[in-house]
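To keep things simple, chains are lettered A, B, C, D, E, F, G and H as they appear, and every chain counts its residues starting from 1.
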Amino acid sequence: MTDIDLGYALIDAERAKRTGASEAVFCEGKTVEQAEGIIIGMREKGIPVLATRANAELAKKIGDRYAEAEYDEASRLLRIGGQKKHRGLAAVVCAGTSDLPVAREASLTAEFFGSATVVISDVGVAGIHRLFSRLEELRNANVIVAVAGMEGALAGVIAGLVSVPVIACPTSVGYGASFGGLSALLGMLTSCAPGVAVVNIDNGFGAGYLAHQINSSAFGAVDNN
Amino acid sequence: MTDIDLGYALIDAERAKRTGASEAVFCEGKTVEQAEGIIIGMREKGIPVLATRANAELAKKIGDRYAEAEYDEASRLLRIGGQKKHRGLAAVVCAGTSDLPVAREASLTAEFFGSATVVISDVGVAGIHRLFSRLEELRNANVIVAVAGMEGALAGVIAGLVSVPVIACPTSVGYGASFGGLSALLGMLTSCAPGVAVVNIDNGFGAGYLAHQINSSAFGAVDNN
Amino acid sequence: MTDIDLGYALIDAERAKRTGASEAVFCEGKTVEQAEGIIIGMREKGIPVLATRANAELAKKIGDRYAEAEYDEASRLLRIGGQKKHRGLAAVVCAGTSDLPVAREASLTAEFFGSATVVISDVGVAGIHRLFSRLEELRNANVIVAVAGMEGALAGVIAGLVSVPVIACPTSVGYGASFGGLSALLGMLTSCAPGVAVVNIDNGFGAGYLAHQINSSAFGAVDNN
Amino acid sequence: MTDIDLGYALIDAERAKRTGASEAVFCEGKTVEQAEGIIIGMREKGIPVLATRANAELAKKIGDRYAEAEYDEASRLLRIGGQKKHRGLAAVVCAGTSDLPVAREASLTAEFFGSATVVISDVGVAGIHRLFSRLEELRNANVIVAVAGMEGALAGVIAGLVSVPVIACPTSVGYGASFGGLSALLGMLTSCAPGVAVVNIDNGFGAGYLAHQINSSAFGAVDNN
Amino acid sequence: MTDIDLGYALIDAERAKRTGASEAVFCEGKTVEQAEGIIIGMREKGIPVLATRANAELAKKIGDRYAEAEYDEASRLLRIGGQKKHRGLAAVVCAGTSDLPVAREASLTAEFFGSATVVISDVGVAGIHRLFSRLEELRNANVIVAVAGMEGALAGVIAGLVSVPVIACPTSVGYGASFGGLSALLGMLTSCAPGVAVVNIDNGFGAGYLAHQINSSAFGAVDNN
Amino acid sequence: MTDIDLGYALIDAERAKRTGASEAVFCEGKTVEQAEGIIIGMREKGIPVLATRANAELAKKIGDRYAEAEYDEASRLLRIGGQKKHRGLAAVVCAGTSDLPVAREASLTAEFFGSATVVISDVGVAGIHRLFSRLEELRNANVIVAVAGMEGALAGVIAGLVSVPVIACPTSVGYGASFGGLSALLGMLTSCAPGVAVVNIDNGFGAGYLAHQINSSAFGAVDNN
Amino acid sequence: MTDIDLGYALIDAERAKRTGASEAVFCEGKTVEQAEGIIIGMREKGIPVLATRANAELAKKIGDRYAEAEYDEASRLLRIGGQKKHRGLAAVVCAGTSDLPVAREASLTAEFFGSATVVISDVGVAGIHRLFSRLEELRNANVIVAVAGMEGALAGVIAGLVSVPVIACPTSVGYGASFGGLSALLGMLTSCAPGVAVVNIDNGFGAGYLAHQINSSAFGAVDNN
Amino acid sequence: MTDIDLGYALIDAERAKRTGASEAVFCEGKTVEQAEGIIIGMREKGIPVLATRANAELAKKIGDRYAEAEYDEASRLLRIGGQKKHRGLAAVVCAGTSDLPVAREASLTAEFFGSATVVISDVGVAGIHRLFSRLEELRNANVIVAVAGMEGALAGVIAGLVSVPVIACPTSVGYGASFGGLSALLGMLTSCAPGVAVVNIDNGFGAGYLAHQINSSAFGAVDNN
């Protein structure tokens, strides 16, 4: 399958074959028309679509055209196709309710590529017993995504308690010295517990993608589309 | 008592009367001769001396002159006089062994001004059960100083477990994205648990000073010298 | 009392028992529906509510449901319940009129938990005699909260004049090299007077919470709800 | 097995049981005596030792005491015990010769915990054909560690070519606008290819640890000591 | 030709003679009236106009007055006059569709001054084969402008493949650790391949200007107006 | 004259006596009601009013109440009273048209306090002959305010050409690596020509105030109101 | 007098005529041979020499050659010639003893160019009464240089008390969040009192130069050499 | 010619064919043994050697082995082979004597690849007439490299005076707010004159490389080795 050239975009049609996962569409900075054109181009080739940071206008247009399209308002994820069979387990844990949109972006992404997921919300370190009460559940997962803003301590605390990799996703939740997620980012990068790796601030998609890759190692082949 | 004017320094002789604590001598950036002159000036007026970041040369000179001088190599604190009676309890907790010099600066400072202290070392969040095993001890204190580098998560975790104020002291322990203590500093400032206030990076002295102020509220008057 | 699980939030019902203060609700980043759900959940268990950064829509909804709810527009604090008896004294001092909303968040928070407070406004260091004329008042307090933007010098100046702890709260008031409160934050952290500890930029809630903790040491037990 | 309390350190003896990997000793900021004491304490309990950033003096002392100790000068890793059987495959790729010490820290760490590794050196993007000539090898690995300083582009380029997770480890190699590894760190965090997660600058240990965790998912249980 | 003094602006009428290129009008921060006045002043002297960051209101006003004015919405470039004959070849390559407005500003600027250009879109390093398929085209150019946000790796990869100068133009496309284009900027500055020089973030104009200067060296004299 | 206490503000009524200049009102962050109250309080004591960053609503209200009030839209300065006699000469030079609002704030401020001023616009270093053609004029001034965004080179170039102090005022004009005026600020601070001192980004008021102080040294006493 | 061309340096021989002050030699980054050559070149033309950041080796060599050379170890200033008659008054105030070397660089520079100076040491805001006791002296000066590290509050406090310009010189004294003088720099730039302008961190030379310029306005012509 | 694999390094033997210039050896971060091995490997294939940041030990070893090796102490460049015929003209201009080592790295690099060069030193903007006196010379060049630390204004001033590209190379010369070259870097990136592109701080090699590329466009083919 050759790349699809729209002039303004060159869709990487071989991506699934090369990396095990089809290309995702990052909608920010694209016009609605451009994003729409890319999605249509992908559907024409039968490529499943995962569009991140999609706004409501795009979601409406795509929803009108493709009945099977699903749009999640909180995370702004727009999906068409994607795996129906979810295997293994990727746990997505978030520190506070305000981190939920990013956590949801991570879990829906991992599901899209074929992982079973569980979301555990509002177990930040300010009341750490809440985390302990969910520990059993966490230990069942093959990988954990820890989503947190402010000081981002959740990732390191979890990594000290489990034997599986922790993907840390800092969020821009917070104010002042949070500096748009910088405090959480630095905290996660300098975690004194090993077993933590970090994705970009608010990058639930990247966290979910990686979680799926790791989770799928545990149950066998990467076989999306 | 009027200020003591040495030309290069103007010793604030009324400080104890005004703030309840005599002036401390910050030795960094001063020549050994200047620091020595200031200490002698203070001793001549009978003011107890707490000199921070004192090097070995200064310690030697002062030790030779004043038999009662005490020098702690790890924290570089040099003390003459200071309270002999220690009351209440200020707990100083540190995340790792590398944070001990700063923790020691904090505990020795609080003792100098009259607080009883306990130091609890190496209970960082990477093995959080270590903290829990010391929780009873922590809850006996009137104030807790949490000393940590890297992600600095210790302060927030403790603040979520106790009812007393937590003074967070970030350290420059770490490398890379620690940026000389910045990661710990930002993490402590953005702690999602309230009840945390932060002093400068590696400022064990300031943390101990404040801990004494808070501790002394609980047992009565501030009565240093 | 077990935690209250709303799916998107897990209310820490034991917090008051553990830390002496019930959980506060940080409304930023939560939908009005989520914040409302959390508040209702807390009221059903009889937990007093302190909600920070509440917008007018939420305040209206909660006000319609709970007659005793109080909303302060300037600070965006929403309160239900809280201590009626105010003891000791926490002084909240602010540098300029523009810092008042944060100062108000601090004083209302301290009152909510049971401290008597006084707010002293517009005594910044540009006209330092204004501060001196209020010094007597400041010296009556068990703790002082210093709220300032721009260079944040107020905290250090006060700490050199009094014997009680100073909680410094930088604000984002200013422009240019203030960098959203960074200049005040760094200035407060590097105060050459000891006895200062710093909370996050614009974190009047955190400052007030800590002021209450310290103030309550001086008059006895922490006994909120 | 209870924690080992040395006063200055509290060795987390249950760590292997809890997280599948024994505690590592971070030697920076510890005195030689402290590091030595911790290592002896661990050996007495039969815990395998992985000490990072160990200097030559410590290595000498430990080597004299334990014949089986191995010290790698380039990476400053000191090891006693560790897995002899290496399974699966973790590939460690580095952009330039100057990145080799960090790459070596990663590969030796992964081996210590039981992973087979391969190191591919000097395949940075300035001559990208060098990477392509090793692609087959890379695709055999269960996980790839990409080590690079300067612009850190290697991680994203690799992630666009393979189906396994890429652990990106920025290094402080470079000067000027590298700002001690910041440029590589930010570049790796903002990689436009998904499937990349980042550890701290120069944290070869963390990268190797995580690579082992991921690699071991693919071949079964995590079974270190 | 003397400078044109409008009071608020002093148009550099000799610029083309001195530097080979007439002055461009940077519209941001100017009122529509000011920008309009400058453009009219230039036209009265017969100076070709290239106005950057022009908004729609200005474009409308100028379009109504000068029939030959051309406005490109995506890049916000407004042009009157400019070279009709385009020589040599400057290739403008961009990493993603979202970078197109900046790429377009670069190519239209280079054309305005007399260079032939080609724009190659969406060939970022996440699918690097897309770049290779256009390599022949790139090698025909006398200079290449590489436009990319996020990690900005494209510039260095290209510079390792061609013998002509690469002008790197970072964009503010991205989020989180992109910090408004900082990650791309630092990545491009620290490119391990030589042959890259960098202009300001989103400065398509500057990149196109420089590309024209370099391109015109190859085909002879710089002869704009 | 005692301070005027409005509760939310404490007007420093003795300021003119102490510093030679009455207090200015910084309107940002104050409600219109607060700013209005302060201005009325000052007028009641006969204090001349200089209000910075005043919005149109406030200007309207004050204009309706005080016929002599003057509002400058570009700089958002609102003035009542102020010196009518302008002496000496303060030159205000700005690099580009976009810097004019800040330059105007500086010149109007200096005039308010009694200095004669001249504004020289659009003489940035990109066409440095424009500066040279105004050099005579500059050399007549007792002080020069240099206003520039982007690289802020203007201040240093001027300081190398004249014998009077240069007050450098960076502006937030620019984009990308200007980082809100940081590039100009740093450039001015590190000017290789001595004779430059810097005020905050966009602080035309501070620059004009200081220019007046310096200018008035040259012609005698500081005698505002 | 034409410029003196040494190949590696081009001495600006007309500087005194143009700016009222001869060129100073910044020794950092120059070899001893280069600095020596420049100084000899200047002396041959009879230009007075002010060399900053001169090391002991250079001072020795120059002292051996020119008997009238004066070297101040603390500030590393090396002077030959310079004004013998000192007029007006520039006061140099420093916050702490550690700031003295920079203060000294400022006062010696101002004297070199012809200003009388007074240095007032150790009157930082931590004991603000010390400043008040010297206020009379400060008010006699035509200009004040305020030298301070850490939070740099001294400049703003003084500016609120006097009617003359305050040149603020931040120092790198401090640690942690001082970030090499950044905290003092930002604090001085954002001073809420007007009448403050800032020079580079540790730039005592620049502060003294400017102080002389301002001071000399008050007593008449600038007439150095 | 295939790549030369030394295990720790993979020499890009086809680089000259692909990019018109052989690979340079960046010595920083490599052991002397590694750098030596790479140079020998290259010589064995007859590849000309340009080694940057070479220390004296390496220079000695290589000089002993290859008589034709040339080492420049100031710039730490080590060269073997390289073009003997120098064509066109690349002018390297530096602001101050302290910038000379970087300027020299640029000019020697450009010469190595075949460009004629001229170095013009100490013509910074503090005495801008020095630059004007060399303008004719500058206008003869096909490209200009502007090397400057501190505020880095030189690049923009030159770009406003000439018609050829200016490669700006910031240096780490300066102190305080120079932040290791950051001020110069930002100033150059935000130059208000177009025609400037920037390389990394202290990257004389990169500047010289690019200057040669641009210069060689003007006189024909790129024909190094």
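The rule is simple: contacts are C-beta pairs under 8 Å (C-beta built on N, C-alpha and C of every residue); 3 or more make two chains touch, one makes a residue touch a chain.
Here the structure is a predicted model, which is why all the values come from computation and not from measurement.
Colleague: Which number of steps is the smallest that gets you from chain B over to chain C via touching chains?
Modeller: The fewest steps needed to get from chain B to chain C is 1.
Colleague: Which chains does chain B share as contact partners with chain G?
Modeller: C
Colleague: Once the Cα atoms of chain C and chain F are superposed, what angle does the rotation have, between 0 and 180 degrees and to the nearest 5?
Modeller: A turn of 90 degrees brings the C-alpha atoms of chain C onto chain F.
Colleague: Using C-alpha centroids, which chain lies at the maximum separation from chain C?
Modeller: Centroid comparison gives H as the farthest chain from chain C.
Colleague: Taking each chain's centre as the mean of its CA atoms, how far is chain A from chain H in angstrom?
Modeller: Once rounded, the distance between the two centres reads 44 Å.
Colleague: How many angstrom lie between the CA centroids of chain A and chain E, rounded to a whole number?
Modeller: So the centroids are 35 Å from each other.
Colleague: Counting only Cα atoms for the centres, state how far chain D is from chain G in Å.
Modeller: The answer is 50 Å.
Colleague: Two or more other chains in contact with one residue: find those residues in chain B.
Modeller: 26, 96, 126-127, 159-161, 176-178, 185, 189-190, 192, 200-201
Colleague: Every pair of chains that touch: which are they?
Modeller: A-B, A-C, A-D, A-E, B-C, B-D, B-G, C-F, C-G, D-E, D-H, E-F, E-H, F-G, F-H, G-H
Colleague: Inside the complex, what are the residues of chain E that reach chain D?
Modeller: It comes out as residues 95-96, 124-128, 150-153, 156-157, 159-161, 174, 176-179, 182-184, 186-193.
Colleague: Going by the contact rule set out above, which residues of chain H touch chain G in the complex?
Modeller: Contact set of chain H toward chain G: 96-100, 121-123, 126-127, 129-130, 133, 149, 173, 175-178.
Colleague: How about chain C: which of its residues touch chain B in the complex?
Modeller: Those residues of chain C that touch chain B are 18-21, 24, 26, 142, 159-165, 167-168, 185, 189-190, 192, 194-201, 205-207, 209-210, 213-214, 217-218, 222.
Colleague: Going by the contact rule at the top, pick out the chain F residues touching chain C in the complex.
Modeller: Listed in rising order, the residues of chain F that touch chain C are 3, 7-10, 12, 14-15, 23, 26, 28-30, 34, 38, 170, 172, 180-181, 185, 200-203.
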